[in-house]
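We call the chains A, B, C and D, going by the order they appear; numbering starts again at 1 in every chain.
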Amino acid sequence: MLTILFVITLNFFLFRVLPGDPARAGVRDPRLTKEAVEAIRVRYGLDKPVINCFQSLNPVEFGDCFINPLDTQFIIYVGNLLQGELGISYHTNRPVADMLMEMLWNTLLLIGLGQILAIVLGMSLGVLAAWKARTAVDHGALLFSLTAWSLPTFWLGIILLFIGSSYWGLPIGGRLTPGTVYNTSIERWLDIGNHLILPTLTYTIVFLGEYMLIMRSTLLDVLSEDYILTAKAKGISTFQILKDHALRNAMLPMVTIIALNLGFTVTGAIQIETVFSWPGLGGAIFTAVNRRDYPMLQGAFLLIAISVIFANLVADLFYSYLDPRVEDS
Amino acid sequence: MSPSPPPIRSFWRTFRRNRMGMVGAVMLILAVLMAVFAPVLAPYNPYQPTRVTIDDIYAPPSPEHPFGTDDAGKDVLSSFIYGARVSLIVGFFASFISIFIGGVIGISAGFYGGKLENGLMRFTDIMLVIPDFPLIVLLVALTKPNLLNIILVIGLLGWTSSARLVRSQTLSVKQRKFVLRARAIGAGNFHIIRRHIFPLVLPLIVVNTVLVISLAVLNESALSFLGLSDPTKISWGQMLNFAFTRGAMSAGAWWALVAPGLGIVWLVLSCTLLGQGLEQVLNPRLETHHLSVGSKMVARMMGIKETPAIGD
Amino acid sequence: MSPIVQVTHLRKLFPVKKSGLFDRNETFVHAVDDVSFTVGRGEVLAVVGESGCGKSTLALTLMGLERPTSGVIQIDGQNIATLNGKEMQVVRRHVQMIFQDPYESLNPIMTIADIVAEPLKVHGLVKNKQERQERVIRALEDAGLKPAVNFMHRLPQELSGGQRQRVVIAGALVLEPELLIADEPVSMLDVSIRAEILNLLLELRQTRGISIVMITHDLGTVGYVADRIAVMYLGRLVEIGPALQVLQQPQHPYTRALLSVVPVPNPRQRRERVILQGETPNPINLPPGCRFHPRCPVARPHCQQHDPQLRLVPVGHEVACLEVTPKELS
Amino acid sequence: MGTHNPYSLQKAPVLMSVTDLSTDFLLESAPPAHALVDVSFTLREGEVLGLVGESGCGKTTLMLSLMRLLPANGRITSGTVNFMGQDLLGLSENAMAGIRWKHIAMIFQGAMNALNPVQRVGDQIAEAIVQHNYIQDKGVVDGRVIELLDLVGIGADRRSQYPHQYSGGMRQRAMIAMALACNPQIIIADEPTTALDVMVQAQILELLDNLRQKLGLSILFVTHDLGVVAEMCDTVLVMYGGVTAEYASVDTIYNDPQHPYTRELLRAFPDLSRPTEKLASIPGHPPRLNALPPGCRFAPRCPAVFDRCHTEQPALHLVKPGHWASCHLVEQM
């Protein structure tokens, strides 16, 4: 809760402190008269003081401290937020909330699919490497993971795009093939799926390495614990020991890492969506930065931060389900 | 009876045998050498304006231009060699900033505990939740994308995970009995941090620095790729940006895409390997076969905990 | 001569964190609760008890590493609670501590010489290198590490457990203390080398007149080292007296039970064993009356109501039990 | 606790006999360490054999060799372990897995680490039952778990708790209940009371002794505590540096020890019944298995050492029926 409050505050003030008058930057048209600019400022509420005592923060202009705090930009912003109102895009003049929602689903599709694949494949590879520790299988998996981790996301995307579009006949980007008429929704989904292959593959490879490395090392740690020896002494088979005793204990650090990684997923999304022209949040952030579309950026940040906070909460819950020791400590 | 070798020398002796770490170190040294001696190594000076004809644009590799030419008809090899400089400078300086902040916050939070720790860790957790990269993009875009700003922004936002790591290591060192012994002697906090905590947290900081460098390099290249590079400096990310946005793909000019990308992979991989190797050396785990017996028990069996000594 | 340590009504409580947000009733762990005793000069006092009885907290409080909740600790006649930082440093020099685990209590990256010299540096006692070196050598040799030059440049992990414990002792001796607090000094060592460390401590008592407070759970060895034994249960002293008297004629039912279950290395000797059921309860919710009554084999109803105080049984032997009748003073 | 009548014990059938068992550890940059050299003993029905020694003496190696649970770098180089008419060392891995816990179960030191922290205690006990008895009916298994917990004095309602909710003594009891799950003939107990307080130790020892009598168990009791051995065991195997120093009945070991190490160890061990005598110590320290002295492994610390000891490891000599010791002095007698 405190975190969300902090994020909202940071989000608001960051954009007031940063250089460039939003109105002027947002509508870069030299033909606009002073009056027109002023009208735009009024329209977006930028004529009001930022907060008590400060008329504006960049450049810093002190203002009246005894005004009604409800009539400041900050409180209006928070109030709008509480109503699900994220402002209107400077660029498209559409409500930010609507735009974000559209893109959120696209991004979630990409991130979700990529993460699930990366987690499943990475963990399996990690288990395999730990089980066959110090053999060629282990060394091979290790080298592959280290290399995968070292690949710049966007570059991998470019290379896959290059190969995929010239040799495998995969689409060069976007979400749907332009100009296609779909007879059924299945056709439409198939087209989306076709467009998803390369970005998802990029995403999976980039994250797979780290999950594999973590899984391998925690599993090695867990397997050297005395309770594994107990299980072995009980006559339990290797497979069952891995399944019943080792994996659940090794999952504990994995969950933490996956939760921490969710912030990084956005990093990946920005790069991948830019390379593949995927109409998602990441690409939108990049476009909005270039266009100085402040309401859009603010909205996107807030959405991402809240999603990450939420995902962390879920991870915490999952963790306490996995580890009975958490409740009592 | 010869005295035992100083820790540095015994560290080197073990590290030398670590294949992964050595490969990483050699790769990193090669990259640094290439950056330092760029003017000697590069066949052309990429900063010098050149006259080009249409044939020079995206020319495939040839004896004159071993890596081909780019969209402006410039030699890719030369740009590639000079490009290493930006990645290395940003990588090193940004990670030093991150590690310094992370180290100070981590050690003070872990050592002093109480309200200070609560406050600092609260702050760290919040910073950890806010996704770095969009913020980096935004800050660099809205300030001016020059080398200093890029370093500062990446450095000032990249300390959170280090702070957490250093804190947990500090906590575990603090629990150890020799810290209690130092207190019993009457040593003050500053003495304990300097003599007992910091030296034992240092190995972790070293490993972490190397890994943070690789993250900084990745972030810098991604920024440049998105067009947010210092326009006065050639960097690998910038080369990729130009190639990607100026038709290298449709021209089939793979050479303009491959070299700078591999450069980034080379640098990041060298740091990753070095980091892994350092970790294995500085923080050794008994990697005995797990499915047969606990390594703790092996240590017990072998009497490893106790080493035989001299003089009796 | 005044005793080196005088502890009166010492109490150390640790607050327990409550999970309930609105629960304002704070609860406490009663680690040490109303403990009084003295340690004479040149005396070895052993404090025995099971884990959780408060003996380690007692040691830390004596060292000034934990602040007492109430009560007075006088060392050398000075109340350490009222001392300022500088005066406390002086007291600290005269009170040194030896720890249980010699594998853990030495910093693994410092050489033996650095470890032993550290107290000198902390207290700024010697100005030049040569004097420091001499004192380090003397301390090492006094602790039985001869010749000292063979050890000075080594790292702790190159020494055996016994040698490491000697380094810890040397680090304490270098400040020429008057009081040593030894927390389980031999429990982590192999049986065959325990005696050398214990004998070394006794020797230091002989040659330097150092007083020792030894915290231990090992009833087997206390008879060899201690002049007096104090038995703790749930934060309280239940019995204190001359070592042989406590070992051979224990008065408190807890002491008796404890002594009866110590395994004796002689298969021909059969004894009546008093095995108490259950385990020491946690020191948060203390039973009313005598703390020991729920597990006591001789408890009677009045034990639930009255909290017994230490009383003299014969001279010098005190017991806190309602069921023990004092003998005639002779 | 009653020591068995040695005469009745000698008539009891032999359950397990171990001959010349040797184990090496392969080391990365050194010749293999001989952690266990030619150890032999027999374990009869109902017998408690004490395995005594200090750190690094090979007692844990012996225990793991018997169960064939050595780490990957451990190799059994010679010997036989005869149990129920078959050599355990010759069995396939699958057949050995069938022997483990069903016939030979273990109790470990520090039960906290030996119990899986994220599994309910009851489930961990049930796992062993299901594994070896192929019982699928949950009610039957649960009934057996309750029965086992009752046997060691733990209430049935605590079976759904996790190890961290147990006290140290309770965990060790749960470990014992788990060991009894398949009615094994032999229990190997590795320092089962080392980390516990004296009173809890007494409770656990009493429990083990009662169970031994009630169920007719044979116990291989690994410990460094000579007091516990005197109270618990019928026979004693004293180990030093991976070899057998002395092997005899408990009475002989304590009252007529022949090996200098046994004698010195007994003198170094405190005895509450003789609190005034000065405690002796053995100079030096136990050898590390990868840095063993040539000749007799005890020679560097032995008070009765002579030239031959530094060059030749003495073989195990029969002192008198049922009493072996490996010392050149014994041979010369």
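The rule is simple: a contact is a pair of C-beta atoms (placed from the backbone, for glycine too) under 8 Å apart; a residue touches a chain by one contact, two chains touch by 3 or more.
Quick caveat: nothing in here was measured; it's all calculated off a predicted structure.
Trainee: Looking at mean CA positions, which chain is nearest the middle of everything shown?
Mentor: B
Trainee: Among the chains here, which has the CA centroid at the largest distance from chain D's centroid?
Mentor: Centre of mass proxy via C-alpha means gives A as farthest from chain D.
Trainee: Please tell me the distance, in whole Å, between the geometric centres of chain C and chain D computed from their C-alpha atoms.
Mentor: 33
Trainee: Take the average of all CA coordinates in chain B, do the same for chain D, and state the distance between these two points in whole angstrom.
Mentor: The computed centroid separation for chain B versus chain D comes out at 50 Å.
Trainee: On a C-alpha centroid basis, what's the spacing between chain A and chain C, in Å?
Mentor: 56
Trainee: Scan chain B for residues touching two or more other chains and write them down.
Mentor: 288-289, 292-297, 305-309
Trainee: By residue number and range, which residues of chain A touch two or more other chains?
Mentor: 225-226, 229, 232
Trainee: Mark out which residues of chain D touch at least two other chains, giving numbers and ranges.
Mentor: 55, 69, 113, 283, 285-286
Trainee: Taking the complex as given, what residues does chain C use to touch chain D?
Mentor: Touching chain D from chain C are residues 50-51, 160-163, 190-196, 198-199, 217-221, 223-224, 243-244, 247-248, 257-259, 261-269, 273, 275-277, 279-280.
Trainee: Contact residues on chain C for chain B in the complex?
Mentor: Where chain C meets chain B, its residues are 63, 65, 88-89, 92-93, 96-97, 99-101, 103-110, 118-119, 122-123, 145-147, 150-155, 157-161, 163, 168, 171, 175.
Trainee: Once bound in the complex, which stretches of chain B touch chain A?
Mentor: Going through chain B, the ones touching chain A are 122, 125-126, 128-135, 137-139, 141-143, 161, 214, 218-219, 221-222, 225-227, 237, 240, 244, 249, 252, 254, 257-258, 261, 264-265, 268-269, 272-273, 276, 285-297.
Trainee: Can you name the residues of chain A that touch chain D in the complex?
Mentor: 225-227, 229-237, 244-245, 248-249, 252, 322-325, 328
Trainee: Please give the residue numbers of chain D that touch chain C in the complex, ascending.
Mentor: So the residues of chain D touching chain C come out as 3, 54-55, 167, 169, 197-203, 205-206, 224-231, 250-251, 254-255, 264-266, 268-273, 275-283, 285-286, 301.
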